[in-house]
Amino acid sequence: MPNLELHPDRLLPVDPDTRAIARQLYGTIKDLPIISPHGHTDPEWFATNANFGNAAELLLHPDHYVFRMLYSQGVPLAALGIGNPAADPRESWRLFAERYHLFRGTPSRMWLDWVFAEVFGMGVQLGAATSDLYFDTITEMLATQGFRPRALFERYNIEVIATTESPLDSLEHHATIRASGWQGRVITAYRPDPVIDPEFEGFQANLDALSALTGEDCRSWQGYLAAHRRRRAFFAEMGATSTDHGHPTAQTANLTAAESEALFAKVSSGRFTPAEAELFRAQMVTEMAAMSLDDGLVMQLHPGSFRNHNAGLFTALGRDKGADIPTRTDYVHALKPLLDRFGNEAGLSLILFTLDESAYARELAPLAGHYPCLKLGPAWWFHDSPEGMRRFREMTTETAGFYNTVGFNDDTRAFLSIPARHDVARRVDCAFLARLVAEHRIEDWEAAELAQDLTYNLAKAAYRL
Amino acid sequence: MPNLELHPDRLLPVDPDTRAIARQLYGTIKDLPIISPHGHTDPEWFATNANFGNAAELLLHPDHYVFRMLYSQGVPLAALGIGNPAADPRESWRLFAERYHLFRGTPSRMWLDWVFAEVFGMGVQLGAATSDLYFDTITEMLATQGFRPRALFERYNIEVIATTESPLDSLEHHATIRASGWQGRVITAYRPDPVIDPEFEGFQANLDALSALTGEDCRSWQGYLAAHRRRRAFFAEMGATSTDHGHPTAQTANLTAAESEALFAKVSSGRFTPAEAELFRAQMVTEMAAMSLDDGLVMQLHPGSFRNHNAGLFTALGRDKGADIPTRTDYVHALKPLLDRFGNEAGLSLILFTLDESAYARELAPLAGHYPCLKLGPAWWFHDSPEGMRRFREMTTETAGFYNTVGFNDDTRAFLSIPARHDVARRVDCAFLARLVAEHRIEDWEAAELAQDLTYNLAKAAYRL
Amino acid sequence: MPNLELHPDRLLPVDPDTRAIARQLYGTIKDLPIISPHGHTDPEWFATNANFGNAAELLLHPDHYVFRMLYSQGVPLAALGIGNPAADPRESWRLFAERYHLFRGTPSRMWLDWVFAEVFGMGVQLGAATSDLYFDTITEMLATQGFRPRALFERYNIEVIATTESPLDSLEHHATIRASGWQGRVITAYRPDPVIDPEFEGFQANLDALSALTGEDCRSWQGYLAAHRRRRAFFAEMGATSTDHGHPTAQTANLTAAESEALFAKVSSGRFTPAEAELFRAQMVTEMAAMSLDDGLVMQLHPGSFRNHNAGLFTALGRDKGADIPTRTDYVHALKPLLDRFGNEAGLSLILFTLDESAYARELAPLAGHYPCLKLGPAWWFHDSPEGMRRFREMTTETAGFYNTVGFNDDTRAFLSIPARHDVARRVDCAFLARLVAEHRIEDWEAAELAQDLTYNLAKAAYRL
């Protein structure tokens, strides 16, 4: 069986002089605490501090990067245990292990190898022959004290991590964490899609639940807005410093109060066209911006995913089954209504993400390089990868600079791999900075400052942490 | 006159250590047989095994890459002998030779230099001063035994080559090849555009010809489908393992039988709108997928070319005169109807190509990295070049991996340059793999396996050869 | 304070062998005269040869690259002195100096450092501590003889520079320059947007002014066209060799004379829809092409900028305040009407620019690599940067070659930085050529020829200078 070894110079530039610069830079920031201002870990983990289950349950079932690749190569999701509790986790794991070569050249491979080597001390590569060894070793370790969520959180040197919750969430786990006396900083973020998107599953029931939760009448426009304000205040009280909006497009709107009210009457009645749903989401981005100016929550916009593209899979297994596909995304026209109203407010902070890299140099960097309220989020999702991050820097820096970006987001629920993901970003950023130094475009001391900023300072500042 | 020498390290990375890795990898695969699963060579060459004509006739007249560049710089096509049999081939060749500097930095230059040096043994660069030397040397060699099509096929170490024929083709040349006892494997591929695209020149007559050929009534929807089935079966019998679809867009449809029948009635009547033509093509991709599930032919979709963009040239000289221009191409919405019906069928294989590189990371890799029926074809046409291939790997690998790609296609009728084209792909792939090794993203033994797969195994498997 | 030193190898490739090739190439072209065929310097400078004002007035106020970045980070434009003559220039300069780190990794940083070091002899970096030193040194030097416009023009080794004027401009400054006996070649270019774009501020008044200036009745279609012809002739007489068109899109049209006349009646009446304005602009590109065929002026098309995107800023301060944002731009369909009419005219020369890099490989290179009348302008505006130029070469060369491009444009009114901008282009081109040599894709002597062509010959030829 081939050895598993993480090379200390991985992802650093191949040219020896440039690699030396990058290695030196990386050495100055590799041990900085992790700031994780946006992600999808489960607060219950940190609230109960219960041990994780077996290897398949922790590393395979929730990782859509992993099971989408296996599915693309003909492995049924049921055999992997997705939506199928009857599957034997050891057998599911074996299907994965036998096909580990499929991940060559992907970020999943790097994240997983880090977890295997650094967290579980594996010294041989995953494969058919080592499937059981892996499954048993990992599963056994997970049952021990040192592999509980809080222990890993501390071992991982996480300074702060944000989870993402619906306005309908009681935040009970966050309350439990606070009450526990544990010092780990786990905060929430306000993700109102389930009560903002008229096409979200259960939208009507969600409005009722929001009414019940807030005591506001969420069947009236003013009551609905008031309910948002209440929940945002509660989230902020529980540590939230940001909101997040995962709309199909980046469309915003700037309707009059009367128009908004009439539109809300339609969508809340359940009788609306797709265009009206889109317009309502668009208007709500602008309403959220208005509230952010009041309560200081930083906004994040994550547009451009065609969710649940695979109709058969969605019917059978529901959302988030690896079938979200990016689409071409416009920002210049889409954001104008919001920017016409709030674009010059330095007090507003709207962090833009994209799944459409063609927008980096053409739209996003020019927008963020002009409007005081805009910043650029890091390379996201399919682009959260060495090549993706490199393209992000190459296509945004010359127009937006470094200081209109916000550091790294891991955006993951794959808790075990969080340090690996931040480490990839740190390495790729150091590689990029090293090239700028080697090409005499910035000085070495400037690169050293930038490495600190990109790794730590920008995330803290941008997310008001 | 400057020497012509092909450097053994051409296209390998400049960093010495990375180059050494690439050179080593390349050494292990450079002599593997050529699998050419998609292209446009003429089966008559191999059927008759007649000698090729002169240098201009073989290397200039049919090569739209070459004459489009000359035309862009003001050389009339007639002077090059395109659509003008009266042109003196030696003079046409001279117009090309004098302007050989125009091709600096283009793949044509590399392909041609390989042909000149390796096939014809030229030791000086093409230019005004060597124009006649080239013309005479090549033309004389072409008249000899060793330069006949079958001899070159064998010298080129081609294991299998696919041509591309219309359903209306009798496949007589393929029959002749089979009957000849010659061992070269030349197969066909089913390219039904002339009988599927209502806007194709002669579509109405083509339907009649299809009726005559199959004995089916191609003026009825069922008869038309039956005719396709018959011709597909005949093509498969003659070795075909694939179909190919060169539509303006990637649009698919999933109409009911009744809707399809009504639509066919319109397009077969000759009275239809452009939107109806598009919808019919879209539905036919899905119908072809249904048939592929039955007969096992692999599908190829080559969308996104605005054919015959130059109206004047099209009127004067007809199609394929170097005036096809790529357009922005959507896949996410366009493919959904087909994918809703067949996306989860692991038995279907649909290979996607693009002329719009912005779709690589945004749409194509995510689609192929999820749907079991989808694979990604290699960098195509204008992107069949070192930079284009590099971008293809950089933008698809992290999401789709290597194993959702299908190896290289030369896609050419420029028979002489086929080994040069495969060689460029092999070099660029080895360069990419070497970088991954040098950056410690994969192990050297993995790169060695991948080099074999990308060069040989994936093409054989994906095309069921 | 950190030293300011311009490294002689800046922007050259990091690999030592490739850098040596690049350095050698660069050495052969770095001192060639500057050809500046398109830009926005003010002819009054050269006419009056008056001294420039203070540092802020010369280097900060007119540089939208600089003040947009400062604005994006919350610095009010008024504090910078933009639209606010009351601002203390020393204090404005300090706001800039304190934030000089924002420009790390941007081309502005490189251009400015060159100006600081090479023109003003500064030896320490700009920053809070050196703000006054910079302000005073620069302001004092600007008051001296050697820093007058004509002296700098000569020191900069500018062979020819084109300014850009409206048809309504009297060209008095150009006349003054000619009459002065000074040998510097300053020519104009015909930029008719103010009298072609019905949505341009003051369009109606501009038509009247054009009538007054030409004696033609610009309220009639024929008179309007005749006025253009007269002004074009006058511009040509004053040295112009080109026209320039800055439309929102690349749309062209090919209307009949009657349709054009009817459309002109609408737009000249002031009662028209946005679609009619767009169609009129589109038709006028084609009309300009017709005139170019007669008078030989080279056309430039600069489409795709959403001008004055920031509504609040536009209302307060007017156009050109750093709030122009690129948009997705189609060329394939948009140019077809013009190309259907004139595409095969080798006598026409239409230079295409883009702010949408996704069009480089997909649309622009294939178009320019086919149509005799088309050439590709260099990387423009937000892409006038090392990474932008590199992408331009990587994405256009393989299909369009080098000889369908036109050398470099500085496109700037930041006169002081013109040599720095050309120097960046020269370095990036040499870096690209060096890679092609090191990868054995072209020979070293070919790279040397290309370096001369890209730096000097292509610009002279393409702009008929």
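We call the chains A, B and C, going by the order they appear; numbering starts again at 1 in every chain.
Everything below uses one rule, namely that a contact is a pair of C-beta atoms (placed from the backbone, for glycine too) under 8 Å apart; a residue touches a chain by one contact, two chains touch by 3 or more.
Which protein is which chain? UniProt says A, B, C = Uronate isomerase.
Keep in mind the model is a prediction, meaning the values are calculated, not measured.
J.: If each protein chain is taken as a node and each touching pair as an edge, is the resulting graph a line, ring, star, complete or other?
T.: Drawn as a graph, the chains make a fully connected set, so complete.
J.: Shared interface numbers for chain A and chain B above half of all numbers used, same, or below, different?
T.: Chain A vs chain B: different; shared/all numbers falls short of half.
J.: Centre to centre, by mean C-alpha position, how many angstrom separate chain A and chain B?
T.: The computed centroid separation for chain A versus chain B comes out at 40 Å.
J.: Could you say which residues in chain C touch two or more other chains, in rising order?
T.: 13, 15, 358
J.: Within their complex, state which residues of chain A touch chain C.
T.: Against chain C, chain A makes touches at 13, 15, 17-18, 330, 332-333, 336, 339-340, 343-344, 346, 358, 361-363, 365-372, 374, 394-395, 397-404, 435-436, 438-443, 445-446, 449-450.
J.: Per the contact definition, I'd like the list of chain C residues that touch chain A in the complex.
T.: Its residues touching chain A are 2, 7, 9-16, 68-69, 71-74, 101-107, 109-110, 306, 309-313, 322-328, 355-358, 382-383, 385-388.
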